[in-house]
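Working notes for the structure below.
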Amino acid sequence: MDAAARARLIRALAGTVIAHADELTGLDQAIGDGDHGLNMKRGFETVLAEADTLAAQPLPAMLAGIGKTLVMRVGGASGPLYGTLFLTLGKTLPEESGMADAAPALEAAVAAVKARGKSDAGQKTMLDVLVPVLEELKAGGEGLPARLAATAHAAAEATVPMRAVRGRASFLGERSVGHMDPGARSSALMVEAVVTWLEEQA
Amino acid sequence: MDAAARARLIRALAGTVIAHADELTGLDQAIGDGDHGLNMKRGFETVLAEADTLAAQPLPAMLAGIGKTLVMRVGGASGPLYGTLFLTLGKTLPEESGMADAAPALEAAVAAVKARGKSDAGQKTMLDVLVPVLEELKAGGEGLPARLAATAHAAAEATVPMRAVRGRASFLGERSVGHMDPGARSSALMVEAVVTWLEEQA
Amino acid sequence: MKKLINSVDTVLAESLAGFTAAHADIVAADPEGRFVRRAAVTPGKVALISGGGSGHEPLHAGFVGRGMLDAACPGQVFTSPTPDQMIAAAEAVESGAGVLFIVKNYEGDVMNFDMAREMLDRPVATVLTNDDVAVETSSYSTGRRGVAGTMIVEKIVGAAAEEGRDLAALQALGERVNGRTRSMGVALTSCTVPAAGKPTFALGEGEMEMGVGIHGEPGRRRVPLASADAIAAEMVEAVLGDLADQASGDALLLINGFGGTPLMELYLMYDAVRRRLNGRGVTVARSVVGSYVTSLDMAGCSVTLSMLDPETVALWDAPVHTAALRWGA
Amino acid sequence: MKKLINSVDTVLAESLAGFTAAHADIVAADPEGRFVRRAAVTPGKVALISGGGSGHEPLHAGFVGRGMLDAACPGQVFTSPTPDQMIAAAEAVESGAGVLFIVKNYEGDVMNFDMAREMLDRPVATVLTNDDVAVETSSYSTGRRGVAGTMIVEKIVGAAAEEGRDLAALQALGERVNGRTRSMGVALTSCTVPAAGKPTFALGEGEMEMGVGIHGEPGRRRVPLASADAIAAEMVEAVLGDLADQASGDALLLINGFGGTPLMELYLMYDAVRRRLNGRGVTVARSVVGSYVTSLDMAGCSVTLSMLDPETVALWDAPVHTAALRWGA
């Protein structure tokens, strides 16, 4: 994977988040404080501005760099969580990594998110997408990329009937039911972006 | 004139003001601060509550009593002005008064209002009703009561095209044109009430 | 109308009851609700009494206390108080040195305070405040409205009264401060008088009222909503233009919210006004940002510039202990 | 959206610039806008640092100064600050005795302050405030929100820090005060986040949101607009019920406006709450009425009761000199 490919990955991630910022904010207005899209956009705009510098580094360093930028720019709950996700991916992936390294790295990253958020799947958060995606990745096999994207979107949809136990939506109790979790949606969008990028690589 | 007649006069005055309070407030919302009806209603409700005590006194003392109550209860610009009007009427009328005493008493009262308000006719205020009514009264002659009422209402109407020079409406400059002055309207209503009462006396 | 009230008839009494209970260390209430006075009278000092329609809180009751007013007479919402209120207040707090009335220039207030003065058997002088430049004086004989600058007059004259100055000196000082103070306001929304139940005026979603008064009286013109910088520019030019030659040297800059405007926006306006004042020969020596002379729930703000000299700076800085302004005490 | 702003991207920076210029005698700004700090550091004292999303002004920057915070880190509107801000603030004001973070209990704030603590090479302790009783804790593991009571924790712990107490003692004190403090809010209108451009939630003309959070988060239930007395009753019962056995003796009563509520209504609510507290074994020993922990332009208020003891009363009364709270200094 060369710098150009890595830059395309950054653009794919940032592009989908920025393009869906209003939608994410709208979801957060329904059951949160209405800033998820704004937060994520602010962070990924900085990532985008630094895209070439970031992409000049090997993949692990680039991911850690994205994580650091997200921690320092996003704020809110999603900043430390996505920051931790990318930072841990970067720290865990070996310098020369292949598809086989993806599952252990994501496993470590998802564990770090759980620790940071004192949370787990089933609480109507981004983990309700990240955890099933990790399971699918670990399962491996035929047509994995497409299955990952499908899993991510189905998992985000599946947060709609959930009652929130973590995040601001938890203040709503029963009233959190019936809305998609904004962080689940942004996770699904990013998974899809990575998958599309992966397929374009091949 | 007996106490019952005097009490009817009080009820006629208070009744018309209270019945038109919303209208007066509406006029004041257009070119003032939207309280003229509320102010006048507050004052005349107190006058009404004291009607029997007030009417037990001779006419001059009763009018002065009304004036004092208005001063102490109405507030705003109209309180001191209408208060001064009634106080001066009361002070000027002789103990045993007839129709002939009306014009000099009103003349003194209107002069006192002018002095209190540092104002005169032509400035889009209650004086644009009080002054023409005084002139008509001084003219005397046939069908005076009906002419007084007609003059009062026409004079109130005539404030519509005026530009305010006194009162809150003056802050509006040109924008005060096209609205009836609330104090002119309340004056016309009171003149009409007195006229109707007078006619019922006869 | 959405308000935290029980009934429109009891708003004033309940709000006053809350105010006097919350600040019982500073103020005491007249049992009949005619005035709010300092908890303790300072003998031999000129008594400063202000008042006006309610709905401008914390003005005036919030400025009763050491270093500022001795008593305040609250009228009904946006309606001047009646003479019996000022008379009762004067009788409660005057202690031989006379009474100074500080009155915002509205005909209702002026006439009611005048009647009180005529009825009072004590030495009384009056300072009229008329700092609002929004409406030109030339063509209207009513004169300018007294708005947010009133607070500055009350603070500076209050400090001088505390020093023991006499009635004539305080009146002259009040007139001097008022003469160097100019304000202009803008409204983004109307206010709603509780008893009226609906907004006093209607502004479209994209409109503002430039030069609005503190009762929601219309101002210079209704114009499309502009940026903070453009609003600041118009206000600063109006105020500086009117101060004319006086606009030089140290000044107090007050950004006053009208009741429905968050502090975040007031500080932003302060920044915009200061940038606009740059290089204009005026030094912002003292600053106040907050909602002090309000118009019920109206959104918007006013800008006040009051030119200072060493004497008035010292009086501004002197200790004050009221519900709404407090320092050095 | 009607706001006094230039552009949604510059609201925060311009408002902060105005704040620090208006209060240059008390605070100094980080040139990069990451924090607001006291103009002068007190060596040897534990550094108190708070922060959180903006839009709650005067919280937190308005509480920086002698007797209260050493620094405040403003995040974007309603978004917690990022760890670099707390790290930079700590480096600017910590002087050997360690840092106490005072953090409102929102996951975003908690996680960002936690990351800062992990990255800082200094002794750091944290006090979490979670005074909002509106949402029951039992079934949700996020726990309660920190709201207006945060100001009381900052004041009391700030006074104790000024006395030279150590980090562990201050943390324990903060937790004790927080543990005796309960709040509940009600909204009559939504707030509008500048960047969103439209109200966060929609309330009908006759509706209110009982138990609202300070970001316009929904509360217990959306109900028809009620009288001040009925609102006060529900809030007082919720607060007293939750304080349970602690609700006895002296208390500080804070009626806090959310930004769009006039003082007149806040004092009226104070009166309603006090009447409701009558005969309930709680003595209102200290009172604060004003808009201190706001939610942009939201109309509504919160009621906070914080139980006091001789030590915390004395710390509450100790001198404070900040932009938003000042006495004895």
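Labels A, B, C and D are assigned to the chains in the order they are written; within every chain, residues are numbered from 1.
As a convention for this text, a contact is a pair of C-beta atoms (placed from the backbone, for glycine too) under 8 Å apart; a residue touches a chain by one contact, two chains touch by 3 or more.
Small disclaimer: the values here were computed from a predicted structure and weren't measured.
Asks: If each hop has to land on a touching chain, what is the smallest number of hops from chain B to chain D?
Replies: Tracing touching chains, the least step count from chain B to chain D comes to 2.
Asks: Report the inter-chain centroid distance for chain B and chain C in whole angstrom, where each centroid is the mean of the CA atoms.
Replies: Taking the average C-alpha coordinate of chain B and of chain C, the gap between them is 32 Å.
Asks: Calculate how many whole Å lie between the centre of chain C and the centre of chain D, each centre taken as the average of the chain's C-alpha atoms.
Replies: 29
Asks: I'd like the Å distance between the centres of chain A and chain C, where a centre is the mean of that chain's Cα atoms.
Replies: The mean C-alpha positions of chain A and chain C differ by 54 Å.
Asks: Determine the shape of the graph in which chains are vertices and touching pairs are edges (line, ring, star, complete, other).
Replies: If you draw each chain as a dot and join those that touch, you get an open line.
Asks: Which pairs of chains touch one another in this structure?
Replies: Pairs satisfying the touch definition: A-D, B-C, C-D.
Asks: Help me check something: in the complex, which residues belonging to chain D touch chain A?
Replies: Counting only chain D, the residues touching chain A are 53, 75-84, 106-108, 111-112, 114-115, 134-136, 139-142, 145, 193, 195-196, 200-201, 213, 215-219.
Asks: What residues on chain D touch chain C, complex-wise?
Replies: My answer: residues 2-7, 11, 14-19, 21-23, 54-55, 57-58, 62, 188-189, 205, 208, 225, 227-229, 231, 259-272, 274, 287-289, 291, 294, 296-297, 299-301, 326-327, 329.
Asks: Which part of chain A faces chain D closely enough to touch in the complex?
Replies: Counting only chain A, the residues touching chain D are 25, 29, 32-35, 38-39, 42, 71-81, 83, 116-118, 123, 164-168, 170-173, 175.
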